[in-house]
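Once you scroll down, you'll see the structures, which are given as structure tokens.
Here come two complexes built around chain A, the first alongside chain B, the second alongside chain C.
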Partner chain A sequence: MRDKNVWRRLAHALSSLELTLACLALLMVLVTACTLLQVPLGTHRAVQSTVRSPLGGLVGGVLLANLLFAQFRRLEFSRRKLGLWLAHLGLALLFVGEFGTALFQVESQMPLEIGQTKDYSEDDRRTELTATDASDPRFDVVTAIPDSRLKRGGEIDAPALPFTLSARRYHENAELGMRRPSDPPSEATAGIGPNLLVRPAPPSTSDDARDSAAILVEAKSRGGRGLGTFWLSSALGAPQGFSLDGRTWRLALRPRRYRLPFSLTLEEFRHDVYPGTDIPKNFSSRVRLRDPGRGEDRAALISMNNPLRYGGKAFYQASFGQNDRLSVLQVVRNPGWLLPYAACALIAAGILLHFGLKLRASLGARP
Partner chain B sequence: MTPAWALGLLAVLAACRQDEIATHREPKEVPPASAEAATRPAGPRWRVPRGWKELPGTGMRAATLLPPPAAGKAEVSVIALPGDVGGELANVNRWRGQLGLPPLAEPELAGARSRAGAARVYDFTGPGAAPQRLIAGVVEERGTIWFFKLAGEAGAAAAARPAFREMLRGLRLDAR
Partner chain C sequence: MTRQARAAFQTALAVGLLAAAWPLAAPPPSDWTLDVLGRLPVLEGGRVKPLDSFARSSLLMLSGRQSLASGGRSAGAMEWLADALFRPERADARAVFTVDDPDLRGLLGLPEGPERRFAYWRVEPRRAEVRAQAESAEKVEAARRSRFQAAVLNLDRRLELYERIQNTLMAAGAGDPVAELAAFRRAMPAALRAVHAGGAASASDRRAVRALAGMLERWRFLARAAAFKPLPPRGGQPDDAWSSVGETLLRPPDGTDPHPGLAAFALMGRAYRLGRPAPFEAALREYAAWVARTRPADVRRAAAEEAFNRAQPFVSGMALYLAAFLAVCAGWATRRPEAEAAARGLLLAAFAAHTAGLAARMLLQGRPPVTNLYSSAVFVGWVGAGLGLLAERARPGGFAAAGGALLGFCTLLIAQHLAASGDTLEMMRAVLDSNFWLATHVVTVTIGYASTFLAGALGAAWVLRRHWVRRPDPESSRALASLAYGVVAFSLLFSFVGTMLGGIWADQSWGRFWGWDPKENGALLIVLWNAIILHARWSGLARERGIMVMTVFGSVVTSLSWFGVNMLGVGLHSYGFMDKAFWWLAAFVAGQLALMVLGLLPPRFWEARRSS
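And then the complex of A and B:
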């Protein structure tokens, strides 16, 4: 009996209007904090530490539960209230869509110079350590270890490699300088590392700046022979490496790559201005899309607000550079990108239906 | 299933996304049709002086440029490093130390500096019968400092200097 009372009180609390108002107030605080924190933290970190933080998720989850409880406990299920049911369902779908975006959306970039072809995009907020067997003159065999594994540290045993790697230290951001005689001895024993001074640095706060991650990694053969300890960094140009059993191995830290089953080639980039001025009118990239698996080989035009949607990804015109010879595409994978549209359609349909029914009832009631 | 369970499951699925160690073939990097050096990291673009040769990057170097053979040996190294790399004075004094010159004090730094386009240029010649010379152009772009260093025997460095300064003047900074 007591249990039943507890559940009843909990259900009552979860469906209360006070909870709705409290959640909405908290969301307003989070949004305000997010806006203010963009100056010291930059947009991405401000969003991640406020509205997309565990607290933001909790408030959103409670608000969603509140909406559903209120709907099922308070709203009568009848044809008369069908519009309200639809509108509330749309609102719930909007919440689910935002959770889907926060959890599953992956953003990356694809910088392409004119004539260049790529079948991958790069996430410059993440890194991967690559061990590349460069012995074959026709292609490289690359084993990529994501940063989530590198940050855990310890021995990394990739079955495809004839050696093991130990991640000894990982810096999200680091300043690299040339080592001076007065500096303490380097922990690196091979590659360029012994000449480098690597200092951890706080994360970048500017939206334009990118962190330069660095990792101290030790390579050992399967027999336990040391192959060297390397400082790798996304800020270092050429990779470092060693020879093992007649094969050439290169180690590097680079932006995380997401491979695509198709490729894009930048054929043309246009940066139109209004006649007689330098004011930009339009940016557009004409790309060739090749997907042997689906038999696709066609041109596509990507311009501002007119992305190419293909293979579950959207390619937006994001930036450009190098005297208009480089186009940067923003690549967004969001499995739930249609949910906000469906939610808005449901809300609109629900409101129209509800007021339509009210209007009809009102007109029918007139003498 | 309650919403909390569903959200927990979604979070676990999201955490597992594309985060496994993977091995695959990659084509050797093919230079794009337009770019003279796709292997360089993003940053300033330069025009290789007529008669000079550019070698691909190795180790920390983004590129090495070789002037035409002259009396003695000299070469240009291009290195990009993030952050302030210890400050300009520390770098200048490290170069001077390599040449056997005494360090400069902070107020003397501006007097040792000239400009070539966007680059701040330092030009030092070491002592002795066979002096070494180092001409360094420093360019900062989006938090990364690029060092263009012409170093070698004084005679060879002097012969390469005009073309080197012209190259620094023509550096194209990324418009992004």
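And then the complex of A and C:
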């Protein structure tokens, strides 16, 4: 007879092992798809369209619910089952950790030339539009508008600016070229935009290539006077802008920056190779960490497999360039980075305990 | 065990061990003391190794083999290398370059037909064309190269390696090396006088400058071209300051004697060209004694590695595994306990040879067992065979022994093919240079591969047994199933812990625990599949037959994770082992799937067979 109580029926379904198997099988399909799609799409997009897609989140969520329901409804709490309890709780923790990573982890880069000091890192998957008041030769005043706002389009009214901006078009990736007379007229009216031909391009699929975003933006004074329409792109270096009420304004699109409350200076970069070859043996960056707020001023060595962890962020040796004069650090903020460690310890201990007990029983029962 | 069975076990073990040890005791085949030359340490690929290792890995890269058939007998790698170093014109006539691609053969004007390896002189007329084609292929991204482009690039690299070898100790085609060295020493003071005197130099001094300029030009070329650095650093020089002949000639250290290697190699070169073994041996032995005094540690290590190369423990292991597997089959066919005991003896001998080889590699490299794809194959086989032996002890019947032997044989065979890509004791790239993680993550995850394969082999045995054994024997079937269950549990533990340790390593080195990269995903798939098997068993959704069929699929998942993902980035157009391996992998997967279908056929299928 079917249970009339919907909740009990739902709980029963959620704690069934058939559901576990179905979810695990679906997860295998997703992971396989994620692996195969990396060839045409590149890692980032393959992950976003499979395991980190809504479907992936759903499978993960159902599996987590299934795990918890099965655990508390079906599994007896006894010493015999202690291993299973530990392993499954560890697994739940691992899931929570992966969800946390998907939601909270922020990755960015910090390219440093030897001698250079930076107190920010850059996210080259996101952009920001900056309006810089460059009137004072001693300092710039920068207002940054994140790409999430730019992509929505429409009029952007930042209180700090004496003008408004309307984002007319935003391309995640664009090819920029010089406009020839035979090309259609440019939509830009100021800056170098009129000479440019901007064509939207599909997002790059290679893991090494980076997209160069472009935005068509129109500036208007608060009185409604047009100040020009600009093509801005992270691939453009030349300054573009206008004057308004005696102040000089510059507009640019650049990789999104994250400020750090401390700074790093690259003092030395080493790229050791094995003798007589160009097989890399080690990469390392010696940096000076200065944090006036906490009174820190010390040297730190970042090398392969040895990151610097400071201020809730970890700095890894990621890449290098310019004949070993440039070191690129990967900057990762993941508040839940310790969760997987705890989860793994729990699961390993659990499996070991469970199968250890079983093996002992099985060998003991042998005739 | 009966007395006969024990005797069979002991005989098989002893014969197996003796057979494995034989290559160490066998005398060197040549009268040129090439074994002494092969033990000389040189610097190549970032590490000091015996010349013998360089000879073998180079010949493997050029031709896919460690020895050559020449004039009805087999010539070793050192014989070929000595020719290439000292008598290039004879080496040019040896058929070492494997050219399979039909378009490439067309380009080179080589005949279609069964002949696969060609001598350098047959390729040489089109050398410039090969270089030009390779240059344009280099501009194409590796994954997008056509089959022809990959093949021509590959051939160009092999030709370049060969040409560099010829120009390592003496310029290819140069005359008498001893006379040249002497002329250099004679000309040096006169040339220096001429340089200092400027316009006022005597005519003979100016001639000396011209002669010297020609030699310098050749040696500058030698310094660039050398395939390895044969001359060890001398007192006062840093430990890794090995140099090539050209470099040493161009930069004579102030106030010291010339490097003894220069004269030694020149003397050896002359004697070799003239076909005189005695002076060759004298120069070689004197120089080897000097090297042994200067670099005792390098010489000991090189000698040990040369002995390891000669012993070829994995080749003997492979043969013994095959013998053990055949003996198990013979035991099943004849139901004689002696055959089963002999199989165990052979398996133990194979495992011993395998273990010795693995241990020797670890000692030579100073690293945990798995450092690259080659060593992962060796290690998977070792774990599989070891687990097979243990499981056979716990549950006799030959299944575990057969599975272990088959796994050992297949993985060593794969390793043999993987070795063709170069030095298997290569140096570790920066991110991998961590013995701690190599020892924990890589070893654990590889044990996971091995045991999943073993479970798959047990599943396959179960399926085949159900099909071919005429008398129903549910007792053995159940024993096999419970054995497989234990192995799956073991696999889950190791593949899970290994995968998670990999995550922790990734977190330490790249700042992310999990990046969904193909290798990580492959490992995760193995974990998931093992978890599915265990949960299916626990829920009762799959019973004995279902579980055994699922373990067979475990082999498919593991083979794809282990090798399949390495082929993803490479693309299907690549040349060399991975290209062929793709079809082998496809065949393996197809075979396993066929086994699964066979296992899933309804019981009536078997009964009908039995009654007929």
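Operating definition for what follows: the second predicted complex is superposed on the first by the 335 of 367 C-alpha atoms of A that agree within 3 Å, B and C clash if a C-alpha of one lies under 4 Å from a C-alpha of the other, contacts with A are read in each partner's own complex, and residues count from 1 in each chain.
The working rule: a contact is a pair of C-beta atoms (placed from the backbone, for glycine too) under 8 Å apart; a residue touches a chain by one contact, two chains touch by 3 or more.
Quick caveat, the model's predicted, so the values are computed rather than measured.
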Superposition on chain A - do chain B and chain C clash or fit
fit
Touching A:Ala160, do we find chain B (first), chain C (second), both, or neither?
first
If we overlay the two complexes on their shared chain A, which of chain B and chain C does A:Leu68 touch? Say first, second, both or neither.
first
Between chain B (first) and chain C (second), which, if any, makes contact with A:Glu113: first, second, both or neither?
first
Which superposed partner A:Leu301 touches (first chain B, second chain C, both, neither):
neither
Contacts for A:Glu175 in the overlay, against chain B (first) and chain C (second): which applies, first, second, both or neither?
first
Looking at the overlay, what does A:Ala235 touch: chain B (first), chain C (second), both, or neither?
first
Just to be sure I read the superposition right, which of the two partners does A:Leu26 touch: chain B = first, chain C = second, or both, or neither?
neither
After the superposition on A, what does A:Leu14 contact: first (chain B), second (chain C), both or neither?
neither
Looking at the overlay, does A:Cys34 come into contact with chain B only (first), chain C only (second), both, or neither?
second
Vertex at chain A, arms to chain B and chain C: angle between C-alpha centres to the nearest 10°?
80
Please give the nearest C-alpha separation between chain B and chain C in the three-chain superposition, to the whole Å.
11
Shared chain A surface residues [contacts with chain B and with chain C]:
none
Help me check something: in the complex, which residues belonging to chain A touch chain C?
17-18, 20-21, 24-25, 27-28, 31-32, 34-36, 38-39, 43, 46-47, 51, 97-98, 101, 105, 107, 273-277, 279-283, 304-307, 314, 316, 318, 330-332, 334, 337, 340-341, 343-344, 347-348, 351-352, 355, 358-359, 362-363, 366
In their complex, what parts of chain C are in touch with chain A?
43-47, 229, 240-242, 394, 426-427, 429-431, 433-434, 437, 482, 486, 489-490, 492-493, 496-497, 500-501, 503-505, 507-518, 521-522, 524-525, 528-529, 531-532, 535-536, 538-539, 541, 565, 568-569
Considering the complex alone, what residue numbers of chain A touch chain B?
57, 61, 64-65, 68, 99-100, 103-104, 106, 111, 113-117, 132, 137-146, 148-149, 156, 158, 160, 174-178, 180, 191-192, 195-197, 201, 204, 206, 208-210, 212, 235-238, 240, 258-259, 319-326, 328
Touching residues of chain B toward chain A in the complex: what are they?
3-4, 7, 10-11, 13-14, 17-28, 30, 32-35, 38-42, 45, 56-62, 80-86, 90-91, 94, 142-144, 172, 174-176
